[in-house]
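Consider the two complexes below, in which subunit A is the common component and subunit B and subunit C are the respective partners.
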Partner chain A sequence: MELAIECQKLSKHYPHFDLSNIDLSVPTGSVMGFVGPNGAGKSTTMRILMGLVTPDTGTVKVLGCDMPGQQVRAKQEVGFVAEDMRLYASQSLGFHMDFMKSVFPAWDDKFADALLKRFDLVRDQKTKGYSHGQRIKAMLLLALARKPRLLILDEPTTGLDPSARHEILQQLMDVLEDETRTVLFSSHNTLDIEQISDHITFILNGRIHSSSDKETFLDSWRRIRISFNDHDRPDDSAIVTSQISGSLTVITTNTFSDQSLNAWKLQGCVHAVERMNLEEIFLACVENEREQRS
Partner chain B sequence: MDVDIVLSQIDPRPMYQQIMDQVRQRVTIGDWSPGSKMPSIREMAIALKVSVITVKRAYLELERQGVVITRQGQGTWISDQLNRQDMQYQELEQVLERVASIAGSMSITDEELVSLVRDYLKQRGD
Partner chain C sequence: MNPSMIRKLVVKDLTIMKPWILSYWAGGFCAIVLAIFGGESFGTFAFILFITALGAAGVHTIIQTIVLERTEMNLPFIMSLPITSREYTLSKIIGNLAIFLGVWLTLSAASFIIFIGDALPRGVIPFFCILLLSILFAYTLMLTTSLVTEGMGWTIGATVVANIGTQMFLWSISELHGIRSVIGGNEPVWNSTSLGVIGAELLVIVACLIGATFVQFGRKDIL
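Presenting the complex of A and B:
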């Protein structure tokens, strides 16, 4: 399997935060959703991938290029959009489009014009008066019209109205029509990630919590409502979170299978087994991590 | 073949199952006829704005059920061995399975369930 992004054992120390042992592999032609709470290390990781931050240890390969050593070559074919990027306020979007076109030979005029319409943006408007959503859309336009082989997007849908979000997701999916193109994006909107990602990587407190294909990932999680035979002694190795109310315990587990269900049935009366969406899994992981820290 | 499938964000079933159900439904009602070519996994994913891996899973399970046939590197077709009546029976069976499981959880006996069904049909006939 060809990898668009491959990093091993990345670490970066900051006075109040440590990124530790980050391994990340993103297969070519897929969408990787990068999920984690605020301050978990998503943006830092993306910056390292782009060669904007140098890791203390570890190796990064982006589109086969070592980063940051071969970043000039890699960046020809990588589109990066982060929330804190700025446009030239006194210039129009058209100025930015012409500028990008002069730097990137793969710039596609026709596609850029189509995106202008779809994103509801005006070429001649100065970017000074842009709303947050317009700024994000403008930045995505500038990245997408270059037709990069790899898109690295930090929170591309945050703060957008539903129709703009919808449009962005559609554009990300359209990118995949070409099997050699790849998308890595982070989002707080777990619905977006759940919908379009082939792989999901969870980052918590500077560490990769889990990274796997989405179907396997969602399949391994369940919420089980159970009355344990022996309240004090459930086998808790498979429990991520548990909440007791009366005789009923509601547990979440990330090692669910038909066999594990049989094991649960031996320990008590199972009242219900429910699938969880990414948001619920996210919350369970964060709760579990907080408990372990305290 | 147009991919005019609409998925629900609040349907509690996983996305791949929704895709499977909709494909089966299309076949059952006769919109997609046996032997016709399905959209490729990537085309379907882009049209539905759903990840490739989810559509791949739906296609795999549909193949396991004998609804579609995939020829490596060529694409996926609605099985021409498919019998619409069989599909309709399968769908009916799925509903019955659900009915039986709800009845089971309510401790309703088989006899009671049968008479409930009979009553329902009689009422509907009136």
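Presenting the complex of A and C:
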């Protein structure tokens, strides 16, 4: 399997935060949703991938290029958009488009004009008058029209209204019709991630919590309502969170399978087995991580 | 190194600063015209306007192209382009020097027209050159401080230090025998004192630029 991004044992120490042993593999042509709460290390990881931050230890390869050593070659084919990124307020979008065209030989004028219309942006308007949604759309236009092989998007939908979010996600899905294009998409909005990703990586407190393809990931999680037989508590390692309400215990597990269900049934009366959406899984992970820290 | 990208970044900064630079140029030339034709009554005002135009051109360019680029979060956008942090640093040094030297050199050269008439004794010329170089040094101090510290507070601090320091420096220099004894003469005298001060100023300017480049090149992270 060809990898667009390959990180091994990445670590970066800051006075109040540590990114530890990050292993991340993003297959070419896939959409990796990079999920984590605020301050989990998503942006730091992405900045390392872009060569903007040098890790203390570990190796990074982006599109086959070692980072940050070969960042110039890699960044020729990477489009990067971050929520906190800003264009020059005193200049128009047209100025930025012309500038990008001068830098990237693959810049596609027709596609850029089509995106201008689709995103309802005015080429000659100065960007200081842009709303947050317009700004994100403008940056996405600048990233997409250069026809990158890899898109790294750091919280691009944060703070957008539902219609702007829908427009941007729709555009991303259109872009992904090209199966050779890879997207790494970070967000703490699990709905967005669930909608467009085919792989999911959870990062919590500077560490990768889990990483796999979406279907396998969602299939491995269940919420089980069970009344345990007395003195017959199950193996704790299979439980991510548990809530006891009278004789009923509601547990979440990330190692669900037919065999594990049979094992649960031997330990008590299983009342219900429910699939979980990404948001519920996300909350369970965060709760589990907080419990472990405390 | 990627000279083509460095050139594009420099041109980008020049384009962004163009309207402002033209206005500082206009201010500087107005000051020179005022000094030539305004007589003694406008002499001091012309001098203040001249220094202000040069100073504002320097401070504004540094704040706009280095400090605000970071605080306004334009830097992640620029660093997403195919460049390294070293190329970015070089583009900032070259771009800022190109903009400021463009203003400084043309206004400095034009200001020597004043000495054609009788408005000022030509003996002032060496001291005037020292003054112009001290403005260039003050600018270099602000530029290198903003590059290394990347902060508004430090840059403002460097501006204050450069402003006060330049005045104290010029006052001290004017008190030197080698300068004071020849300043009122009809012809410029390039003695060891004036040449020594000019040489020292040039040396410190170059040292500041090399030092800042060295520090920036040693950095691992740009964001």
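We take it that the second predicted complex is superposed on the first by the 291 of 294 C-alpha atoms of A that agree within 3 Å, B and C clash if a C-alpha of one lies under 4 Å from a C-alpha of the other, contacts with A are read in each partner's own complex, and residues count from 1 in each chain.
Simple rule for what comes next: a residue touches a chain if its C-beta (ideal position, glycine included) is under 8 Å from a C-beta of that chain, and two chains touch if they have at least 3 such contacts.
Keep in mind the model is a prediction, meaning the values are calculated, not measured.
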Overlay on subunit A: subunit C relative to subunit B, clash or fit: fit
Which superposed partner A:F17 touches (first subunit B, second subunit C, both, neither): neither
Which superposed partner A:F80 touches (first subunit B, second subunit C, both, neither): second
Chain touching more of subunit A, residue-wise (subunit B, subunit C): C
Contacts of A:M50 with subunit B and subunit C, given as first, second, both or neither: second
Subunit B versus subunit C as contact partner of A:L191, first or second or both or neither: first
Subunit A-centred angle between subunit C and subunit B, computed on Cα centres after superposition, in steps of 10 °: 150
Shortest CA-CA distance in Å separating subunit B from subunit C in the superposed model: 27
Touch list for subunit A against partner subunit C, complex: 47, 50-54, 68, 71-73, 75-76, 78-80, 82, 84-91, 95, 99, 102-103, 139, 143
Subunit A to subunit B touching residues, read off their complex: 29-31, 166, 169-170, 173-174, 176-177, 179, 191, 195-199, 213-215, 218, 275
Residues of subunit C touching subunit A in the complex: 2, 5, 8, 12, 15-16, 72-74, 76-77, 79-85, 220-223
Complex contact set, residues of subunit B against subunit A: 9, 12, 14-16, 42, 45-46, 49-54, 57
